[in-house]
Amino acid sequence: MNIGAEERARQLSGRTMSNAQYRLLLTGMILALAAMIIFAMCIGRYPVKVVDVVRVLWARLKTLLGAAEPAKNWDPMSEGVILTLRLPRIIASVLVGGALSLSGAAYQGVFKNPLVSPDLLGVSNGACVGAAIAILLHLNDFGIQALAFLMGIGTVLLTMSIPRLMRNDSVTMLVLSGIIVGGIMNSVMGIIKYVADPETELADITYWIMGTLKKATSTDVLMVALPILITTVLLLAMRWQINLLSLGDNEAKTLGVRIGLVRGIIILCSTLLTACAVCICGTIGWVGLVIPHLARMIVGPDNLKSLPMTWVLGSMFMLVVDTVARAATSLEIPLSILTGIIGAPFYLYILVKQRMKMS
Amino acid sequence: MKNRTKAIALILALVLALGLLAACGQKPQETPTPAPTAAPTQAPQATEAPKATDAPAPTEAPAPTQEPEPATRKVTDVLGRELEVPSHPQAMVITGPVMPNIVYALQGNMYNVVAIPKNGYTGWEKSLMRQLSPELEGVNITVVSGNGINMEELTVLKPDLVLCWDTATDTIEQLDGLGIPAFAFHAAKDLDTLADLITMMGYALNCEARAKELTDWYDEVQAYVDGKSAQVEALSEDQRPRVLIVTRLAELGVETQEVNMWIVEKAGGTNIILTDTEQSSPSMEKILEFNPEIIFLSNWDESSPADLYENRMEGQDWSQVDAVINHRVYKVPISLYRWVPPNTVEKPLFYLYMCSIIQPEIFAEVDIRQAEIDFIREYFGVDLTEEQLDYIFHADMN
Amino acid sequence: MIMEVRDLSFSYPNGRKIFSGVNISLEAGEILTILGPNGVGKSTLLNCLANLLKPSGGEIRMDGKNIHSISLREAAKILGYVPQTHTPAYGYNVRDFVVMGRAPYLGMFQRPSAEDYALADEVMASMNITKLANQPYTEISGGERQQATLARVIVQQPKIIMFDEPTNHLDYGNQLRVVHMIKDLAKRGFAVVMTTHMPDHAIMLGGKTAILNRQGNLICGNTDDIITDENLQNIYQVDVRVVEVAEAGGKVCVYAKSDASV
């Protein structure tokens, strides 16, 4: 009986994606992502043959599974380029893109506002300050990542503690708190930039802020992969709760949702995702803001469908952007420049369309 | 339905684009050969150095009676990593902008360098090194830029040794993965660590004898200055002129690095005391309050003493400053490299220079012009012309 | 007794008292209509009953349990709330919106099952809104939205349903339809509490009526007893009569000649 009703309803409105359609689409997207990963492995400033890519990866896979080292009938430098330079970087871009867009979508649901980005509570501002301090202290690359991560998380914890102090658990209070703390971090950033040595330190800080994956090594990827995967799984498991929260605090309460707890967990997971991403690649804007919109345009606003789609789209997007950043010219183009050039006009386009719909 | 199809079409287009890019990348490309293909083993003029001990740069083919040298040697860098580096590197990539001058001092030439940072190149252009090592002209300056290193471009150059700082752990990890030897150095902040750096570089580049000569020279200069320390300490506060080193005149950037403050003290001068927030750029008022008697202008910008004498700087008023009234504003010489940064190989010359200007009676034996001539002749076998000396010492400005 | 309220009071933190000494009792299948002048605190009272506001004093027992000592989830299985207005941020399909009513029965990491969706479809069918199932919630009319929200509440399978001024934005005809719908809910066994500005609706719904006055006191009783000329005049400060009208088949509230003929 219910199947008949659904079918009828769909025929009448023709606007929804059925579960079967959605599964097909998602599978197709994931396959496309896999193909893009392989393509990206073949692109780069150092000339590598496609055949070699396949051979090297296959050999590495076999070795990992226990087979003996095969004869290496390829350019030895190619192996290094593929496995040391491209593979970690490509995986990093996929993880970062998925993480940023997923956390953006989660924030947009929880704050009932499709115009927010993961930076709302100050994680990026805090991470910038952390990295800048590390650069001033002449810490090594790991130190910079660690400090960026810690400051990013610390900033959000600070943001979330203010509403508790004010005994006002509402979303508005949280957003205001985020604005205040973000502003404080910006000022601190200003002081740091002021005292930094313009020849070396200031340049390093500026480039870190603009974002790059050129330093992504296997250790970096291994370091953040686990937290990113765990929090991703957690967020995806809770995506229906995001639907509920997006109705509004009062309504969610009447549906029995412990809004403080659920919102807290989602925010923490999203923040961890963003902090992990930012600590290995610097700050990248627009991804967390625009990709969720794109996903919703394709599959509708139901987070059951849109969140996984957001992750896949984000990964694809970041993969393309990073490939352009490292291979288009001999200079490394900072990532946030590219995401801005692509993201901002696209966002304008979305807003125009939404305004037309709403009016 | 329309939105969705559009979006899907967009994504398919992206996938296709990526695929096409991948396919295009397979066009047979010429693997570019490393830049200095010309005479990698050419013996430079410097072999005429009067020192009888080891030749500065071991680039001549080994004499036939010796045993054939092994192609690589095992070394350990400052991070404790064991590496196998070429005995005679042919294609080096230098990633620190201040390193080239030390490499040049140790090797006497730069034929085996394939890439240096962009701001290292501007340093080369401005300095004496341009005339002494013209072979660096046109070296690759895009692989290492302010934004970091483009690893794949670096791989294309096929380097056999990369010099980097010990803080660049990610870069080192990537180079290890690529199988390219990366030697890590610790940046210097004072004379002792500078001596360590030079020793380490000599070790890495197989120029240990030359490194020893340089550090011996450091010790000599230090001994000379120490010999005068009794006199310097005997000076009263009035007799110690107030010294200011300006790094960037327009922004009122002032030098605060440890090594240079220390040099000023040892030379018998007084440093400006700055609070933490004033460190990078004190206000004009603070400077007026300090009222320096001697001002040095570094080579980070194009400022000249005339800018202060004629009070040309907007927003600044130098007319009442002691040093300006008494015409004691000096543009610091630039020889192989700028003398003010801590990692310059000619630091002892800066040391002597400061001494001779701040306390000329005590350090009367110092003739900085002659010291420069001696240094260049001894280590590079080059006799500087008057013209070159005037350029080094900014005769037009001072 | 499905709902029992004893000595409920509410004051703002600055001390301003809204109401006190409120006592209400309600049986399953009974309807309670709350009347009162503008701004007297009807919504505040309703929000307290709906567990959205914490009262300053007193006790609320629903289905035998103290509403403040059970979890929000347990409360949501007893109590459903249809708000007056919605500002939806996202245009969920009506079907996805309705199935959200299953939230009290699902864990934090769960999603609605096929059975949950089936229940939602059933409820929508019983309310004749199946045709809206795949429409974005933001693109249907106000009345349809209210129906969808009610469907969501019914899917919660509560014992008590609360409405905040459900007839406010509706036309004359739709107002009546809502009244019928609420009577229907009561027949199906739900207890209903609603606030309204229309004493006529209270009369039509029968059951109990409560009046909150400007002093913050509540009188509660059978509708027939409570809806009197005097009480209505106290609330609305106009000359109102409750009259038996044959065409209406019962009592009707009308403005008296002195005030009506302006």
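Residue numbering begins at 1 within each chain, and the chains themselves are lettered A, B and C in the order written.
Here, a residue touches a chain if its C-beta (ideal position, glycine included) is under 8 Å from a C-beta of that chain, and two chains touch if they have at least 3 such contacts.
This one's a predicted model, so the numbers in the text were calculated from it and none came from an experiment.
Participant: Work out, leaving chain A out and holding the others fixed, how the remaining chains group together by touching.
Facilitator: B | C
Participant: Name the chain whose C-alpha centroid is farthest from the C-alpha centroid of chain C.
Facilitator: Most distant chain from chain C: B.
Participant: Any idea which two chains share the most contacting C-beta pairs?
Facilitator: A-B
Participant: Please tell me the distance, in whole Å, between the geometric centres of chain B and chain C computed from their C-alpha atoms.
Facilitator: 80
Participant: Measuring centre to centre with CA averages, how many angstrom lie between chain A and chain B?
Facilitator: Centres of chain A and chain B (C-alpha means) sit 40 Å apart.
Participant: Using the average of all C-alpha atoms in each chain as its centre, how far is it in Å between chain A and chain C?
Facilitator: 44
Participant: Considering chain A alone, which of its residues make contact with at least two other chains?
Facilitator: 15
Participant: Can you list the residues on chain C that touch chain A in the complex?
Facilitator: 50-52, 71-77, 79-81, 83, 86-93, 95-96, 100-101, 103-104, 106, 108-112, 117-118, 121-122, 124-125, 130-136, 156
Participant: So in the complex, the part of chain A that touches chain B is made up of which residues?
Facilitator: Residues in contact with chain B: 14-15, 17, 25, 29, 32, 35-36, 39-40, 42-50, 76-77, 80-81, 83-85, 138-142, 191, 194-199, 203, 207, 210, 212, 214-220, 294, 297-299, 313, 316, 319-320, 323, 326-327, 330-332, 334.
Participant: Under the stated contact criterion, what part of chain A meets chain C in this complex?
Facilitator: Residue positions touching the partner: 1-2, 5-6, 8-10, 12-13, 15-16, 109, 112-114, 237-241, 243-244, 246-248, 250-251, 253-258, 262, 265, 296, 300-302, 304.
Participant: Touching chain A in the complex: which residues of chain B?
Facilitator: Residue positions touching the partner: 1, 3-4, 7-8, 11-12, 14-15, 17-19, 21-23, 25-26, 29, 31, 119, 142-143, 145-153, 155-156, 158, 166-171, 173-174, 176-180, 187, 248, 251, 253, 276-277, 279-281, 300.
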